[in-house]
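In the two assemblies presented below, chain A is common to both, partnered first by chain B and then by chain C.
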Partner chain A sequence: MPATYEPIASYTAPSAQNSYTFTSIPGTYTDLKMVVNGSFNSEDYVCLQFNSDTGSNYSETPIVGNGSTVSSGRAANRAFIFTQAVAGSGVRFMVQSNFMNYSNSTTYKTVLSRTDCASRDVTASAGLWRSTSAITSIKVYGLVGNNFETGSTFTIYGIKAA
Partner chain B sequence: MILPGILASQISGHLGGDFESISTVTVGSGGSSTITFSSIPSTYKHLQIRGFAQCNRATYGTDDLNVRFNSDTGSNYAWHRLYGTGTAAEAGAFPNSNIMQIIAGTGTGNGNTFAATVIDILDYANTSKNKTMRTLSGDDLNGTVAGYGGYAAMSSGVWFSTAAISTITIVVNTGASFNQHTSFALYGIKE
Partner chain C sequence: MATTFELISSYTVGSGGAADITFSSIPATYTDLVLKVNLRSTLGGDYFLFSFNNTSANFSARYIYWENTSVSSASLARYGGRINTTYSTASTFASSEIYIPNYAGSAYKSYSSDSVSEGNTTAAPGSLVAGLWSDTSAINQISLLPSAANFAQYSTAYLYGVKNA
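So, the complex of A and B:
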């Protein structure tokens, strides 16, 4: 029986790479929590896809503050969830995403994210994957095709309710 | 930020009980008007509630939820929020309130979509401090439904009481009910 808050997988990029995919995620938890702490070798955007779904089944609503303005937007029918983490070359950022009821086979999947890039902005966002499938894999990648730098870390935790 | 001492390298281990599940409320097919956590033990340092909610109002995108501690209905709360509507960023301040409010319920018209929330309640059992609540919440509706879209929200609240929190109630602000599959899980975090 899994513990209440348990690390499932952790990966540190040994070299520059565009993406990392968490695979074979067990369905035995209630929620997942993902933490990505990294940097890109050139400006890019941290995006998510689930279960190899590249269809237009994703959307998100963010709020973004950049030190001088605060704004909100909306994106629908996209092929990815944009976590709102945008960073230039060598700039560190952190993404924390909560995948709520990720293994529920009746509901769509809601993702709450906080991103922090101290030299650029801070954001909160609600994302949606319009699928009732349990999440078994999560791909984290740079949208434009640039690479996470060596040493970027990707960690996922399982949270089990009583 | 609450850090329960997670070591990412221990991929085959567990945390030894620093973050424990206390209770879970899952709404059945008949729906429910109230989510209640009662008889909360005072043995933890902080609490966290993780919620996943849909409300039975068919024509609205997103609902506000009201939170109270220890059944206190007096004007003993204050709260702030910052949220994105998908078209604008807005904020509000609510002193002398009889509730703390979060944006965390999706209307039925959105099918299988549920709002999500993570609520942190700090030092909940400390009898020398007022109680602070911090929330990340929201939903996305893939555009708009009946003219209503999703939200991304952060809020903070205070309960002006030094009593230990033993009961937490969550209701839909409009009086609507929670739909089946709505669930709220209460966790305790040890010092």
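So, the complex of A and C:
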């Protein structure tokens, strides 16, 4: 029986780095799940870009709770999908992003993300990449230019519908 | 090829309820853990707490929670998610999924929890949780505890291991 849930790629940062890019993502799955777990050396914002597209083709709607207040926002026509800010200086966080129907060439691509930084806030967001291209690469990076610390992990799984 | 997503252990609460649900001797052979739970308490306790490796120390969490038309954010160490209570619609249980990446590594342990419930009444609690266990030990035991009383009969918990290779 073919495997339904398979690891595609996994990377552990051997030294501090601003970004990691999953490349050559095969189009043989139905959905993707990405898990990032680590810390930044200074406060930053975890962002996503697809297929090296740096145009204003992204938007997102997050809900954010900081332990005192909860808020919702919207951002459109951006050059990235913003999953949320995370604290710096060794503070642990995790990001889970789900990319449904990532490999089709007919629909825009939706991303559902959860970003959790217990020292800062909890976030759920819906993102959109306005492209009908199949997702073949995903760049994960810190918007401000700070670095993921050594030992931060980046993993992507493929999920098959049949 | 090794199985990526595997059931490690399961637990179903029997008659009389359970003071806690505990998974022990968790092997260190996976990369991440996933807990899928369906919970109800025997009194009014409407959330559950975690302990790892039989300790309640060094936890922190902040979360968004909602019920009926109200949504708020708060912080509570060890917070795991919402559960239905004895006052909820009969035969309804809250569902939660908890993800714990790199549980066997030497860094502090993050966890993410999503809880939902629906009972065709005004009380339909839910939450999104960002948690942290500030301990470098590998997690080898996970306990879930109701905020009050016991977990009710038919509450279930399933622990899965996820391998990244």
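The working rule: the second predicted complex is superposed on the first by the 159 of 162 C-alpha atoms of A that agree within 3 Å, B and C clash if a C-alpha of one lies under 4 Å from a C-alpha of the other, contacts with A are read in each partner's own complex, and residues count from 1 in each chain.
The working rule: contacts are C-beta pairs under 8 Å (C-beta built on N, C-alpha and C of every residue); 3 or more make two chains touch, one makes a residue touch a chain.
The model shown is predicted, which means the values in this text are computed figures rather than measured ones.
Colleague: Quick one: chain B and chain C on chain A, clash or fit?
Modeller: They clash: once the shared chain is superposed, the two partners overlap in space.
Colleague: For A:118, decide between first (touching chain B), second (touching chain C), both and neither.
Modeller: The second partner, chain C, only.
Colleague: For A:67, decide between first (touching chain B), second (touching chain C), both and neither.
Modeller: Second partner only.
Colleague: After the superposition on A, what does A:31 contact: first (chain B), second (chain C), both or neither?
Modeller: first
Colleague: Please name the chain, chain B or chain C, that touches the greater number of residues in chain A.
Modeller: When the residues of chain A touched by each partner are counted, B comes out ahead.
Colleague: In the overlay, answer first, second, both or neither for which of chain B and chain C A:153 touches.
Modeller: both
Colleague: Does the superposition put A:10 against chain B (first), chain C (second), both, or neither?
Modeller: It touches chain B and chain C both.
Colleague: Can A:137 be said to touch chain B (first), chain C (second), both, or neither?
Modeller: neither
Colleague: Counting only touches as set out at the top, which of chain B and chain C does A:98 meet: first, second, both, neither?
Modeller: A:98 sits against chain B, while chain C stays out of touch.
Colleague: Which one of 22-30, 94-102 or 112-120 is the stretch of chain B that crashes into chain C?
Modeller: The stretch that clashes with chain C is 94-102.
Colleague: By the touch definition above, which chain A residues appear in both interfaces, chain B in one complex and chain C in the other?
Modeller: 3-7, 10, 35, 63-65, 70, 114, 124, 153, 155, 157
Colleague: Using the touch definition up top, name the residues of chain A that touch chain C in the complex.
Modeller: Listed in rising order, the residues of chain A that touch chain C are 3-7, 10, 35, 37, 39, 63-70, 92-94, 96, 114-124, 151, 153, 155, 157.
Colleague: Which residues of chain B touch chain A in their complex?
Modeller: Interface residues on the chain B side: 4, 6-11, 13-15, 17-24, 50, 52, 82-89, 111-118, 136-143, 149-154, 181, 183, 185, 187.
Colleague: Would you mind writing out the residues of chain A in touch with chain B in their complex?
Modeller: Its residues touching chain B are 2-10, 30-31, 35, 59-65, 70-74, 76-77, 98, 100-101, 104, 106-108, 110-112, 114, 124-128, 130, 132, 153, 155, 157, 159-162.
Colleague: Under the stated contact criterion, what part of chain C meets chain A in this complex?
Modeller: The touching residues are 1, 3-5, 31-32, 60-64, 71-75, 99, 101-102, 105, 107-112, 114, 128-132, 162-165.
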